[in-house]
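After this come two complexes, each holding chain A, first together with chain B and then together with chain C.
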Partner chain A sequence: MKFTRRDLLVWGAGAAAGLVVSPVPWKVLDDVSIWSQNWPWIPQPARGPVEVKQSFCTLCPNGCGLRVRMAGGWPVGVAGVSSHPISRGALCPLGFAAHQLNWHPRRLHAAQHHGEPSSLSEAQAAFAKACGEGSIVIIDGYPGRAASSVLKTFAEKQGGTYRVVTSSESRALAPYEAWIDAPSSSLGYDLENAQTVVSFGAPMLDGWGTPGRFTWLWAERAGGMTDPQLRLIQIDSSFSRTAARAWQWVPIRDGSESALASGLARVLLEQKLVPAHGPIPPIALSEVAAQTGLSADAIQDLARTFVSHLPVLAIAGDNDPAIAALNIVLGSVGARGGIVRRSKNAESYVAADADIPNARAVLIDGSVPWDFAPQTEAEVFRFAAWDGGPSQSDWLLPSPGFLEALTDVPTAPTLSVETYAVAPALVRPPSEVMSIEQFLSVAEPTLIPVDKIIHSRCEELFRKHSGTLYGQEKTPVAKIASVQKLEEEFSKGAVWVDEPSPSGSMRCELKEWPAATPASRVESWTTEWPIAVLPPLATKLYIESNLREAPERRNA
Partner chain B sequence: MRRNLVVFLFGLVVALFVGWVAFPQALYVKKHQPLDFLHKTHAEKSGVADCSECHTIREDGTFAGLPPMEKCAGCHSDRIGESKAEATLVNDYIKTGHETPWLVYSQQPPNVWFSHAIHVKRAKLTCTECHAAYGESDQVRLYEVNRISGYSRDIWGHSISRLRRAPHEGMKMSDCEGCHAKHNVEVGCLGCHE
Partner chain C sequence: MSARYGMVIDLDLCTGCGSCMVACAAENNVPSLPQSTARTGLTPIVVRKVSNKMAGSARRETFIPIMCAHCEHDTPCVKVCPQQAVEVDKETGIVMQMPQRCLGCRYCMTACPYHARYFNWWDPSWPKGMEKSLNPGVAVRMRGVVEKCNMCHARMHSAKEKAAAAGKREIDPADYIPACVEACPTGAIRFGNLADANDPASKAARSPEAFRLLARLGTEPKLYYKSKEAWVRALAESNPAHGADQSQEVQRG
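Take a look at the complex of A and B:
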């Protein structure tokens, strides 16, 4: 019997039908998908003994407590620390995925000069030459650290300038400097004692401040309650995540926050809803209504709502003097549940301007957000652990990545009490990586290294005998036997929290109502991180799945 | 017409045979463990009755996994039998200080975190619910490794169709999800994928 071409086709059809009802296609598909996860060019953490270490996230100045799961000496997972007195186990999406950052394809492993491969020694030679030829400017994005002290000292020794780039949360406190005799870096929000929080576009429940601080307060004192102990009034131009969960959402036109704050202050003062006397804002209620899209009655009702549940605290999304002035009218500055002065020793910083004239060299620390691009003729040396995209820097220098350098964790910008912690270097950085302070120490060997500054800060805390150490147990500093013991506790992940400052110790006077400023857009948690550098976990879980509100969605 | 049907059925039968019989045989490579370790013998002779005496959970909650060589050396510092496995254990591993390169049936990808402590201590699962009565076995199972994925056959389960599996068979994500659904325990992505 001859096997024809038709037979072959029929046999093939039968075989195909048989294969479909066999496990071959499905099993091969499953196995190939697993195989594709293990291609040799996909970085894999080393296998090895598993251990858990305590540290802190230093990707932003909020310093959340981290429980780092290490395998073979490498971090393979992070989680929050529930015993951390501020973050209380919460982390932002970036923090949750931070262990992936050191393997990110955009991780910088070698120095670049105008986009071409170079070396650290060439960068050091160029920097030494620049130092000898003119003034330098050093830009820091995370002031208050021991490393910041090194940067500042170097700038002073060289006759240069030290500037800081701060977050929108820090900038929101800046206007008070004009009315009180204290730097804005010494101020914080006493959220724990506030009864009404009025947010002017600040994403209070979506990444504002230390993740966990306000969300826990809201969960404990407001979540699911019809008449909550803590009222959150969200004044927002979009139905944001925070607006959706707030006690009240007040929709206004985009950019009219400043006008609304002025209008509310006018109502409060004219109707004597507050005991304060102050300059009446020079804006008519009808004008406020026209700008915000609210009716005059709604604005008056809102003002009455504010004072019905005191203390009330207004929080701006960014630097907005009118919202700061509203807090003064409400009597919330220097008062319990308002703006408080947490420290008497805080340093005053000068904010960096993108326009930098008359400098020979500009040195930018890795903590400065990538979108800060100096407009200057000077030679720019930028330190970064990850390449955030097109850069105007002459030199791009690889700095330590996540948990690769010893650093201390000073008080987060919005806190009402002083805190201190130390994040140890848990991972050895790649060979070509150098921190900015190590770079400067080559040019100026007399600089005190970071570890010695941290040691002296620990000595200072020990001598102060104030506050409590939150480690495995809660221990008053006065009961700690020695500096060594204190440092040992810090190395195990303890957090020092000072006693709250007494309220009412801040004199604040408003002589004239501040001029209206154009409101800047308050972005979400990815603002200071270029999307290209986000770790895959944060991208997958929080952007693609829409679990968190990404900036582009907010703008949509 | 009849001829076409016969040829079609022939192709179908060949494909079914290949898919259900030959393919599973060809997909897995059988490997022997480096030593013939007998759980039953150890339980009987040493009086160890509890799995956790050798497979410990550390104080920090992490699972120590297979016991280290020092544990074996406690009894086997010198040969205590005449078997080939005994000679290999003492000469190749205990005297040289090298850990036994066991082939781990439950090895998961690096991005998976499974906490024995949570399942054993908090959920009160017994070892046999996931590992069957392997602790009472008197023979060493062959380790079958998938040629494509590189993982143990135990991850997929012995049944190629994944039908009619014993409760302890299979360690894929769907198995985790199924068990959690069965016990009405919610778990998010980050519960296992830190």
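Take a look at the complex of A and C:
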């Protein structure tokens, strides 16, 4: 049989038609898709045995308990620790993605001098030269740690100064130093026993203090209740997240918090709604009404609401002496459910001023918020794990990132009791990374290393025989057999919590009403996050969901 | 006995912090790509803000987490899928999505009344080295397929393995908690077996304050919400993709 050209065309057309109606093209398309969806260069998760370790988040001074899942020696997931007595399993939204931070594109891997690559040895030589030529200033953003002790000791040995950059929550406690004989670092809020919490712009449900502490209190005693055990009154110029969830939102004009606190104190004192006697604030109620936009009647009603559900505690968003004075008028200072003194041994810190004259060198710890930009002629050595952009620093030195260094976790700024924990180093830092205390120990070899300071602090706690250790079980320190056992518990993620101080142990007298100060606005964690960058997954919050406004200065 | 896993979200306790969204993304190896937007990003759980449209002190706002409702009957996405890439698991009631079967036609996205499904437009990528931080229990999200909440299925597998190793047939409820539930700082999200009358989530779902979005469609979603506020409960018949009040702040993209 002869195979003609016509036969070839018929066979070709038949084959093409048959192929089209067969599953072959679709199967090929499907296989190509699957093949192209699994390119060899598509990242795959790390392999290795998964283990869970306990630690603490040290990205800000609130020290939340962390349960870290590790695979192949790397953290592959973090969650809160529900048995942590303060954070109670909660983390801030950024904390859940913090394990990605160590690979952030802005991670610092090498020293920089004026933006050019340099080395740690050159930085050490420059610092040693500067120390020999003049005074130094060391700035810390997370005081109370063993590392802070190293910084302070070095500053003292060099005849320099040690300064601290505090959070807005700590600054809100600063005015009390003028009226009581105690440093503000020894004070805290007894939220657990308060019945009414009046927030003057503080983002109580949006990143204030230790995440989990107030949110759980609110959820258990107030959330969704028409007559809650805990009344949250939010005085705010905008309908913030906290205002949306508060028992009462009091809208006032921006910046009039101080005037309203004075007006409320005036009503409380003039109408004898409180037992306190004190100086009447020198501001007329009509003036308060004009400044705040509230009516005089509304201000008087608000004052009566305050005292109808005691104890009442006023919380300022930042340093505001009038709000602190209002707490004194309300009898909330040194009282249960008010401002309490949690420690008699707390150190007093001098706040760092951005203007630093007459210094030869300024050393800034990685815990200092990136926004802190010193105005100085001195040579600035800044430690950071991430580069947040222009920083007014001569030297940018790479420091350990998330979970990369052993550190202790002292009491968080707003707590009413002393706490202590130890966060072990779970990850090895990159080779060129050096902590600020290691850097200083090169210049001053007699400095006591961090691990020895932590050991001595554990010994001190053991000798004190006070408080309770919250680990896998709740154990009074008095029942712990040895320092070694205590340290072992700490290494497994235990938290020491001291006994609450007796109320009434703090006397506070107001002789004259404080002068008004300009208000500063605190919005949420996005403005208080000390780290130079956000975890990449933070975009879920402000790009991929429109849940939040994009933070202006962050590089997620 | 087969379970019917579901969630009850107390909207009166949601502060809109977004921890659930970040924890979900971290757990499920969802990348954060620079080109992602509210319309194109993968957000298996997304928290939206809705208001009562009032002004001044009468204004009320609440936050409503939207995710796959795991419809039990006539599950819309299952019915339209030409690939059998979606099915309701008989043992758990979880609506399962199998990306290897999905051909990316996106019929299911159109069919989903909750707009809780997302098409994955891009290959997953992370900054150099960040792949070491990925969850080894979950695959990376493959391009060209539809994704959604699977109630952290990998966690259920881990719980089953743990139970099997202990010689048990049933998993311990404490071993199977989805990432969003674990992350919530107010305990607003309650997860459990709705078929068990004694399960706290099941009890919460039967509360008079509980409601389901678009329940009139008869798909028996296993995602319940709870609120004491009447205007919030009125959200039940609204389209969550556009929010209750169609206001700017709840629109996507």
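As a working rule, the second predicted complex is superposed on the first by the 490 of 556 C-alpha atoms of A that agree within 3 Å, B and C clash if a C-alpha of one lies under 4 Å from a C-alpha of the other, contacts with A are read in each partner's own complex, and residues count from 1 in each chain.
The rule is short, and it goes like this: a residue touches a chain if its C-beta (ideal position, glycine included) is under 8 Å from a C-beta of that chain, and two chains touch if they have at least 3 such contacts.
Only a predicted model underlies this, so the values are computations on that prediction, with no experimental measurement involved.
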{"item": "Touching partner for A:Gly12 - first (chain B), second (chain C), both, neither", "value": "first"}
{"item": "Chain B versus chain C as contact partner of A:Pro211, first or second or both or neither", "value": "second"}
{"item": "Partner chain in contact with A:Ala178 - chain B first, chain C second, else both or neither", "value": "neither"}
{"item": "Partner chain(s) touched by A:Ala125 [first = chain B, second = chain C, both, neither]", "value": "neither"}
{"item": "Of chain C and chain B, partner touching more chain A residues", "value": "C"}
{"item": "First (chain B), second (chain C), both or neither touched by A:Ile34", "value": "both"}
{"item": "Which of chain B and chain C A:Gly224 touches, first, second, both or neither", "value": "second"}
{"item": "Touching partner for A:Trp103 - first (chain B), second (chain C), both, neither", "value": "second"}
{"item": "Touching partner for A:Thr539 - first (chain B), second (chain C), both, neither", "value": "second"}
{"item": "Which of chain B and chain C A:Val76 touches, first, second, both or neither", "value": "both"}
{"item": "Contact residues of chain A, present in both the chain B and the chain C interface", "value": "30, 34, 37-38, 44-45, 47, 50, 69, 71, 76-79, 96, 99, 537, 541"}
{"item": "Interface residues, chain C side, partner chain A - complex", "value": "10, 12-13, 15-19, 21-23, 25-27, 29-30, 32, 36-38, 41-43, 46-49, 56-57, 59-62, 100, 103-104, 123-140, 142-145, 179, 182-183, 185-188, 227-228, 249, 251-252"}
{"item": "Contacting residues of chain A [partner chain C, same complex]", "value": "30, 33-34, 36-39, 42-48, 50, 69, 71-72, 74-80, 89-94, 96-97, 99-100, 102-105, 205-207, 211-212, 215-216, 218-219, 223-224, 226, 239, 241-242, 244-245, 249, 251, 535-541, 543-548, 556"}
{"item": "Interfacial residue positions of chain A with respect to chain B in the complex", "value": "6-7, 10-19, 21-24, 27-28, 30-32, 34-35, 37-38, 44-45, 47, 50-52, 69, 71, 76-79, 96, 99, 537, 541"}
{"item": "Chain B - residues contacting chain A, complex", "value": "3-4, 7-16, 18-20, 23-24, 27, 60-62, 109-111, 113, 146, 148-151, 156, 160-161, 189-190, 193-194"}
